[in-house]
Amino acid sequence: MLQFLFRRLIVALLVAATVMTLAFILTRLSGDLAISIAGPNATAADIEAVRKAYGLDRPVLSQFFDWVGRAATGDLGNSYFFQTRVSTLIAERMPVTLTLGLTGLSIALLVSLPMGILAAVRENTSFDRAVQMVALIGQAMPSFWLGLLLMILFGLTLGWLPISGTGSWEHFVMPGIVLAFSAIPALTRLTRAGMIQAMGSDYIRTARAKGLSRASILLKHALRNAAIPVVAIAAVQLGFMLGGSIVIEQVFALHGVGFLAWESIAKNDFPVVQAVVLVLAVIYVALTMVSDLMNAVLDPRLRA
Amino acid sequence: MSVVTVNAGPRRGWRSAGTWVGAFIVGIALICAIFAPLIVPHDPFAQDLDRRLLVPFWMEGHNPEFILGTDQLGRDYLSRLIWGCRISMLIGITVTIVSGLIGITIGVLGGFFGGRIDDAVLFAITTRLSIPVVLVALAVVGLLGTSMTLLVLTLGLLLWDRFAVVARSTSMQVRNLDFVAAAWCAGCSRFRVLSREVLPNIASHLVVVATLEIALAILLEATLSFLGLGVPPPLPSWGLMIAEAKDYMFFSPWVIVIPGVALFVLVLGINLLGDGLRDAFGTRSRS
Amino acid sequence: MSALLEIERLEVGFGAATSAVRGASLTVERGETHCLVGESGCGKSVTALAIMNLLARGGHRTAQRLDFQGDDLLKLDDRGMARLRGNAMAMIFQEPMTSLNPAYTIGSQMTEVMRRHKKVSQRIATDRAADLLGQVGITAPGLRLGQFPHQLSGGLRQRVMIAMALMCEPQLLIADEPTTALDVTVQAQILRLLAQLQRDLGLGLLLITHDLGIVARIAHRVSVMYAGEVVESAATAQLFADPKHPYTQGLLRCVPVPGKQRQDEPLGSIPGTVPRIGPGFEGCGFRDRCTFADATCAHTVPHQTAAPGHDYLCRLAP
């Protein structure tokens, strides 16, 4: 078990290293960074000054290793635009993104688990078909469009919720719902399939033969087994949500990490873009490890 | 358990209504895409500031010449919608071709040869999955400028993971089947075994993945265009239309509803068709 | 004193297509081991499930009589049945490897039955569980209680299943092919255990099996099932000594007896295969394979009594 975790850690580090490299290459794609930073009205002298100031006159490889070395210690460079450390910027914005992600995941689980369980219990009834339709709709729904629609409906027409900013918990309701929509199809399907399989298993027959209550059979015996892959996938879904938050944050003007990345792309603030890609990738990898850990914790058969 | 009569199983594959609805939607989309220049009632790019924001036919004061109204620059909405369908389908299909080629190659290599190659393939897939796709696509387009070719290449290079995963797992299964061993024993070269025995058997799974990936590519392109870093204006991508209409959405909500519905319906239709194909091919078990 | 379990003309079907059981009748007395024997597909497992009302989705049962300790089981809804299951009547199944929940410990799965029905504390339930594990021959019961099913072998798991079934002191224990999935040596152990428990606790034991050897070893009474019907029912010794139904006779001929079987003789067999029975099937299900069949066999088949307690379903005179 420990050996398994250790191997996953190695893979995680390798992935992080690869993503670091890719992120670095990404920002060097447009050729001469100095020109982009200096702006359209810069003279040749200005560009040279920028090049020296930002260390862009050194060979590319040494720039790369410099970046890798510093990133490993947590120093993600300085933002061109904000004149502050990138790590500070990201740390400031991270709580918003995390809140958004966790809200979205919570809503998704609150909706998917009961729907999936009920759909499994009423397999092949019209309720089941309705649930599958909901999953299909969620899969096809463009998130940014849903966000705008919710804004019109709840923000404008009904006036229940604020449409932008991060003042209070109400600001996270609509964005959370939109994020949840992206995860609900997969989680619902997984829950449903897992419950159907669990309910048809021999140990459930034993549970029924023991005269246990329906609630106990469903929730204590079946769900306990069916939930294992769902929990694992939920962790990974959180990773996707955090990675994809850029759209929602832009639509709802939430100043999280995604919004920061968006602004930085617009301003050609390369260190920030580079760093955000790396940070999001590392978080995703960490969440997949959490997912594996949850599998091991919940399934006694994996612990030996 | 109390006396319960068993419900008839769900109608699957070609007998499911959903599949036919999906096929119908995709059919219409293809017609719009292919014949767009012939069927658009007006020039989608022609601006006319005298005719800005005309209302669609279900509202009062509509202009019968412009069934779905006009946008903020006076361009006919219906025409832009149809042209947008063309763009969506074009991008969806080309991106899927690129990502398919990459993903299937990688996946089959890993699944068929196993060992170190497979380890490398798994590593590549894991790395790809940890990359925030929208962010990286935005960054690339933001840095290098908007163009159709760049967009297709970028999305194609980012969306191959599901192809790879499915190609890998199915070719792993097929590799172990007897007829592959038989071809091997008969002296067929590895390439022949791959193309004659393995590929045809995983093809049905890959077709299903392809349809779902087209839908995903269309959604992604719309998202990127919505953020201004997708299809270059004045091309009428539906995502771009929604973005342009955002400023007016509180006063004239139909301007974002119409392209959004079109996008939603198209993606839904493709997904329905893909699910139906999956059931029709009997490829229920995915990785 | 009424019998422990009385079944008269039980019929079980799934949907409109199949009739798994077409009229089974049997009686299990207190303190008696009654074996229900038949080949695969004859409906014996379905009968057991129907008694407990544990049929799969789509299954429905009817019977002229289905009484347990004098009470009509047919009148009980699922809640009422649940009060009996695991309590006064318990069941163990064929596949010990998959019949226990992999996510919970042995102890928790055993104690939950008793806590459910008897409303006792965890302490009392745990003590009883440990005691029962000892009775079924499991050493170090305290250790086992904290273990998970995957940590036990098949034989051990089946012993756990038996112990779990006995937690609430049932009157009737239904065992559906409890040894079929086990190694031969373990089979013998489990059977000995069941026989001993039956004697010590005065259980009524309904044992489903396809193995005549098991029947000979531990059954007091036997019911032979074929194609959804009980075709013969007798005390064990009587059935083996004087079988009346052609199917039973054929079955007994199939069992090779060391010493009696000549080396150049082919093993006995019954020609033909089990028919597919749909609703509306009339007459004897064995007639296509029976050497004594005649035209009347395609219609109603009479119930006959060869001796007190020895009934069979055939037109042949005793």
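A, B and C are the chain letters, set down in written order, and residue numbers restart from 1 in every chain.
Here, contacts are C-beta pairs under 8 Å (C-beta built on N, C-alpha and C of every residue); 3 or more make two chains touch, one makes a residue touch a chain.
Nothing here was measured: the structure is a model prediction, and the numbers come from that model.
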| item | value |
| --- | --- |
| Chain pair with the greatest number of C-beta contact pairs | A-B |
| Relative to subunit A, chain with the most remote C-alpha centre | C |
| Between subunit B and subunit C, centroid-to-centroid distance (C-alpha), Å | 56 |
| Distance from the mean Cα position of subunit B to that of subunit A, given in whole angstrom | 22 |
| Numbers and ranges of subunit C residues touching at least 2 other chains | 54, 78 |
| For the subunit A and subunit C complex, residues of the former touching the latter | 201-203, 205-214, 216, 221, 224-225, 298-301, 304 |
| Residues of subunit B defined as touching subunit A within the complex | 7-10, 18, 123, 126-127, 129-136, 138-140, 142-144, 215, 219, 222-223, 226-227, 229, 239, 242, 246, 249-250, 253, 256-257, 260, 263-264, 267-268, 271-272, 275 |
| In the complex, subunit C residues that touch subunit A | 52, 54, 78, 81-87, 90-91, 93, 95, 98-104, 112-113, 116-117, 148, 150-151, 161, 164 |
| Interface residues, subunit A side, partner subunit B - complex | 11, 14-15, 18-19, 22, 26-27, 29-30, 36, 123-125, 129, 136-137, 139-145, 148-149, 151-152, 156, 239, 242-244, 246-247, 250, 258, 261-262, 265-266, 268, 273, 276-277, 280-282, 284-285, 288 |
